[in-house]
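Each of the next two complexes has chain A plus one other chain: chain B in the first, chain C in the second.
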Partner chain A sequence: MTAGDPILERWQERVRAAHAARTPLAIRGGGTKAFYGEPVAGEPFDTREYAGIVDYEPTELVVTVRAGTLLADVERALASEGQMLAFEPPHFAPGATVGGTVAAGLSGPRRPYAGAVRDHMLGVRIVDGRGEALAFGGRVMKNVAGFDVTRLMTGALGTLGIVAEASIKCLPVPRVEATRAFEVSADEGIRRVNEWGGKPLPLSASCFAGGRLLVRLSGAAAAVESAIAKLGGEAVAEGAAFWASVRDHAHPFFASARDGAPVWRLSVRSTAPYADLGGETLIEWGGALRWLVAPRADAAKLRAWAWANGGHATLFSAQERAASALHPLPGPLAGLHARLRAEFDPRGILNPGRMGAVA
Partner chain B sequence: MLPPSVHAQLAAILPGEALLTAPEATRPYECDGLTLFRELPAAVALPDTEAQVVAILRACHAARVPVVARGAGTGLSGGAMPHKDGVVLSLAKFRRILAIDPLARTAVVQPGVRNLAISEAAAAHNLYYAPDPSSQIACTIAGNVAENAGGVHCLKYGLTVHNVRRVRGVTIEGEVVEFGNEALDAPGYDLLALINGSEGLLAVITEITVKLTPKPQFAQVALAAFATIEAAGEAVGKVIAEGIIPGGLELMDQAATRAVEQFVHANYPLDAAAILLVESDGTPEEVSAEMADIKRVLTDSGATEIRVSKDEAQRLLFWSGRKAAFPAAGRISPDYYCIDGTIPRKALSGVLHKIAEWSAEYGLRVANVFHAGDGNLHPLILYDANVPGEADKTIAFGDRILDLCIEVGGTVTGEHGVGVEKLRGACNQFAPAELERFLGIKRAFDPHALLNPGKAVPTLARCAEFGRMHVHGGELKHAELPRY
Partner chain C sequence: MSGVPAARERPAPTVVAGVVERLARDYGARASTNASVREQHGHGEGLADAALPDVVVFPHTNEEVAAIVRLCNAARVPVIAFGIGTSLEGHVAALYGGVSLDLSQMNRVLEINADDLDCRVQAGVSREQLNAELKGTGLFFPIDPGANATIGGMTATRASGTNAVRYGTMRENVLGLTVVTADGRIVRTGGRARKSSAGYDLTRLFVGQEGTLAIITEIQLRLYGVPEAISAAVGQFPDLRSAVQTVIVAMQHGIPVARIELLDELQMRACIAYSKLAGYEARPTLLFEFHGTAAAVKEQAEMMAAIAADHGGGAFRFATAAEDRSQLWKARHNAWYAALALRPGAMGFSTDACVPISRLADCVLETREDVERSGLVCPIVGHVGDGNFHLLVLFDPNDGEERARAEALAQRVSLRAIRMGGTCTGEHGVGIHKLDALVAEHGDDAVDVMRTIKRALDPNDILNPGKTVPPERRGQA
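Coming up: the complex of A and B.
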């Protein structure tokens, strides 16, 4: 770890003191994902002072960024070189930081085709619960030295360490993107995206809502054109704005959620049949992600349905919590989680309770 | 020797032919693909049901007997090398493909299934399993998961960790655990990522769900010749800079092309100092557009000759030399030692230049053949173990290359794992507090350190031993750092 950075040294001191005094710390970046996970009570620990792109070399396909950097700033820097973060991370609101993106581990519409946040993570620097500054992974594409702590930190909601810096793989922006729409039933939509997913087509996103299936095609102009010829459908103008609205939950489907209605995130086998779960459903990720806005959803029933379909159900956002946010873990996994947490944060001072019973 | 009570328990769990203890029977298991390190185990167990695996682990755990899981034994870092007082737990009998779901594009397989067998089984649905290590006809999928194996097409299609959805395993305590699921993410920490590349230290893998990928409609490979290896190295960066992510991007130097030509006749240009193989795949339209770009960049980078495969037979011919490179090294030299560092692409030509210089200094030939697109080097040091001192010289040369990889911002292992071989490298690469966290992860899964002990993560005491060795050699690196 680069010794001597004054901000990081201050972070280390602060965590050491919190460790000594058993003071819980509530880590935050831009606060755009504060609704996600369980609420945390603790002294606010704001990462935004540690900001800036440390290194970006387009030919290496890697950007190294401090946690407090605005996601938008990173995306702009990459775009100026014709590159992007292929996992299409949600912002949800202005102010999203890279640290929060990594800690939340949420990916956007391109995820099933390009991979998730964790798939693009090459290295992290963290401050763990003892106040130690540690580096894992690196800035190269392939690295199997040591356990994969980089990916372990991704999506851990800060409970294993404060993400201070991340090295992330970047990819070229597709030359051409086009969005096509199809009028279909939910079941038909699920079937089609799965069938197309098994063909060599340049799919890069899908979204079914209100009887319409939209798919995005990305790649070389000729490839996108020949895919359009095969798939048909009608052209959708303003495709970029549409996918950004799905990514950030600005799509009209989420309108009642903005007034506090609970949003459930059901991550399941892509071929799981459509089910009436007591509310409107929006289906992304080639069928593998189902959003449900359901004021009176039965948590136990949803969790049972998601589990039976190979996945899990998260109470993603809600004004009032009628259930735990995260899907409960089966016994042996819960034990492993608790022991891992104890190794990285023995006194449980980093975002205690953010992952619910898990950490 | 196993404690008699443990032997009795294993004998009760397994049929007679599935428990080996006589040295002549356990000899085939004494090493993996890295023959520099050997050890005879106390016993080899060959279960064929998960219930047997659970029972074996419980018995070994209770008696504190070390267990080393083993797939095909093709590993190149000594990861599956036995423990002298331990049991080698071979998963070789778990060879069944349990299910293929063509619509969801997944396959559920047993741990001992060979990598290539998955693609063969999926071929009927026009699908395949993307990671393709050169050892794919022999290596097992669990061995791939344990090493997070890579292959020629990983630049575009990802490593093992990117292509595995779910791993079912048994902890040393005999508890069955599932990491990941059938969805694209799972609740809690990403333990699935932790299992990938865990080198048999965290759990014994008994079932795996892999992601299948649609077969590209069409693929073409360009073979480009260069007058210097540095020029070939620079061309690699230029291809990427152009916004092209080739299906494969491999480099072979003259020593490697000449070695393979002797027995595969790939018709490589043998007067070239180095060649690049650059593959484009996708729809025919995509490939033709991308190939035009690739050819332009290679020409601008000083390629002296470019051949593009005209048909599938020629494409396979171009690749045949690359695929045969390791065995070819084995033919032109009694022994070879494969190094596996990864470096930033920009450091390629500098590092290759240094390796050539040191090759002359040590008087040991080197053939370079590697995954240039991801900066993953494989210098093959050619040596003769029967010449006194040559193995030691080879290891010293290899260590020096790995130190250089760390210095230029890379890592000591891109895909073969730390095993026993790169413990010293891991001591150099990680600070003590980082190693301590790795050991903490190990403790969380295996408090008594019984699964593959002594591999992958060096203890601080072990690093101190290496430190002293260093002082002996008079080449103490990073003298400013604290020693433990």
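Coming up: the complex of A and C.
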């Protein structure tokens, strides 16, 4: 990793000054996920100047990247070596950065089968709320030396530190991918993807919407062919484009969201039965992720249903913002959050309020 | 950073006596001050010299654990979580006395959700017990560190094992936890959902904290379908570099090998003698295991054989029949005993450094030369797909000078791995033995942050004090 970089030193000075003056900083990369979490009032802190691939050794299956690097640039560099980020991170729009990807901790369609962002994070360099530059983890696949601060930073929305650099595990692109479609009810779709998920099938994505279940199979040719023979279904020609549209919410289901309708993200156990929650639903991740277009006023109902099904409900995006987009935490958990936040950012200057009441 | 906590001291004997008396009153025979029980709880399976707790208590419920922790927190008496005592780095030694919290009687599998591919267990459930209870569901829990450890202990030390390339480690397979915090609150993190919690990833913070931030009492685990087909193969190589290169190429091709194990010449010689393996030579050897559908397994094994052949891996042999497979893997599992048999009467311990895979051959070969200079006998096994290898260091327990030489060799392995961009510990954890190496690896500033996390979550330093993170910067007594 690159210590003593002039840009990083400038970041440190700026955070030290903000710490001294208690100036809130609103950290941003490309702004493609600015809608996620609660709005932040603060001095803009743009990470994009700190860009570039620091180290990429394809034989190691690891890439070390500065936060401001475009996600698209990293993906292109990996693709030229036949590799990819297996958690299939959403871009949502051109301009998504690696720092934003790590801070938001959002993963795409491949997530239940290949792991989440955090599962691929091997190390991070951050600037904490006092302006200290710190490095955690490393570049090896297994590391049990000390507390797992790298994962703690992933998905913390910048409230524990400004992500400056990340070492991320890459994987080879599957040799063959195929997408199959099935006309089924929601209940039947949930039942099938769960049943298939327990079998040694090379599933790599699923999406149910509008009476159609699509699944993607990835792997060696023989494995994909034998899975197709087992599952049946009809071939989908533009598979890659379809999954990119699900990943980036360009799928027609999200059309109303683009016009400002509130979209809810319900994370639940994968076998949670289909429930008519009063809006259209798109189901991903083998049943574990349910997108719903429903009014903000339904928050209590949606959260109760998600909680009863082992998860939580987040108001993912909405034109009109309001407090409590994120699912509130039970008391003792909130207490632990506050204590951690106080250690990394004692004056609460990093993205204050982005995580709601917690941070 | 300011406010570095002072090194801990043993609590006053009267304070300890008060806690012991209270535990005896509340838990009767489930609180023991018996010398042999205390002795058994004062050490794991590693080199650590035992440090005895004052009392061992066997709770049955989350609420009992919380009550015990509250009692200890009020009195500032250490609490050391104990599963089955298979940790290797002195994790359970009661350095400052106190209460050993033995969770082995909290051993119920609470839920098996076959359709959701998950289960919830109490911390004292052992790995083998869980897999026995999963029989008939078509599911299994793959993480296998070798020892029949408890799931609580495996979670607390972020255990992994021979099949991490395919199934990951405890980090990737724990979905959620119930923990008791230092102030005696019962907290549930994560849950049934894959992307579990809103907020910080506390689950991951508690996985691998070695009982220093919270006591883990329940674990939600991810399960996997039992593979439809399993096959194994063995390849023997002219030298270590060819074997490692074979693995690097296989990883580049994305062949989802379930296990890849490396045995060096010396370890292979030990295994041939100990497990009576016929038809093998004492050469660098790779053991492979493939999981999947019958078609996928066949394809993987054929691709692997072709890659091995390109690297001089002659006599690539397949073992599809269960008994052939089990003979091979039994030999691997018995590698430890085979190694000990190289030097009857010797004791041994194992290093567990992990390096970027491109440096693995360099690191192992440099280590080999170092071993030769040290005059010790040390075979090597490795989970090559991860860049993780074990040097099995044998020494004469009655020879203090030799033991010191053995420990110095292990320390050099840690520093060598760090120098090559790796870690001092890929599997066993920090405990007390790798505190210095932790600082060498992360630097003082990053370790300061770990210290402040410890202080934030355990301000009275009652949870397994003296482990995982050095209590203070050197020279700041």
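Simple rule for what comes next: the second predicted complex is superposed on the first by the 350 of 359 C-alpha atoms of A that agree within 3 Å, B and C clash if a C-alpha of one lies under 4 Å from a C-alpha of the other, contacts with A are read in each partner's own complex, and residues count from 1 in each chain.
The definition used in the following text is that a contact is a pair of C-beta atoms (placed from the backbone, for glycine too) under 8 Å apart; a residue touches a chain by one contact, two chains touch by 3 or more.
Because the structure is predicted, anything quoted here is derived from the model rather than measured.
> Let's test your reading of the overlay: on chain A, do chain B and chain C clash or fit side by side?
Pair status: clash.
> Output check: A:Ala17 vs chain B and chain C. Expected answer is one of first, second, both, neither. What do you get?
neither
> State whether A:Pro200 touches chain B only (first), chain C only (second), both chains, or neither.
A:Pro200 sits against chain B and chain C alike.
> Applying the document's definition of touch, where does A:Asp148 land relative to chain B and chain C: first, second, both, or neither?
It touches chain B and chain C both.
> Quick one: is A:Leu340 in contact with chain B, with chain C, with both, or with neither? Answer first, second, both or neither.
both
> After lining up the shared chain so the two structures overlap, which partner does A:Ala240 touch, if you call chain B first and chain C second: first, second, both or neither?
A:Ala240: touches no partner chain.
> Do any residues of chain A touch both chain B and chain C, and if so, which are they?
57-62, 82, 105, 111-112, 115-116, 118-119, 128, 132, 134-136, 138-149, 151-152, 154-156, 160, 171-173, 194-195, 197-202, 219-223, 225-227, 267-271, 285, 288-289, 309-312, 314, 326-330, 332-333, 336-337, 339-340, 342-344, 355, 358
> In the complex formed with chain B, which residues of chain A make contact?
Touch list, chain A to chain B: 1, 57-62, 82-83, 105, 111-112, 115-116, 118-119, 128, 132, 134-136, 138-149, 151-152, 154-156, 160, 171-173, 191, 194-195, 197-202, 219-223, 225-227, 267-271, 285, 288-289, 309-312, 314, 326-330, 332-333, 336-337, 339-340, 342-344, 355, 358.
> Mind pulling up the chain C residues that touch chain A in the complex?
1, 113-118, 138-139, 157-158, 160, 164, 168-169, 171-172, 181, 185-189, 191-202, 204-205, 207-209, 213, 225, 227-229, 248, 251-256, 291-293, 295-296, 298-300, 303, 354-358, 383, 385-388, 421-430, 434, 437-438, 441-443, 445-447, 449-450, 452-457, 468-469
> Taking the complex as given, what residues does chain B use to touch chain A?
101-105, 125-127, 147-148, 150, 154-155, 158-159, 161-162, 171, 175-179, 181-191, 193-194, 196-198, 202, 214-217, 237-238, 240-241, 243-245, 282-283, 285-286, 288-290, 342-346, 371, 373-376, 409-418, 422, 425-426, 429-431, 433-435, 437-438, 440-445, 456-457
> Okay, in this complex, where on chain A does chain C touch?
57-62, 82, 105, 107, 111-112, 115-116, 118-119, 128, 130, 132, 134-136, 138-149, 151-152, 154-156, 160, 171-175, 194-195, 197-202, 219-223, 225-227, 267-271, 285, 288-289, 309-312, 314, 326-330, 332-337, 339-340, 342-344, 355, 358
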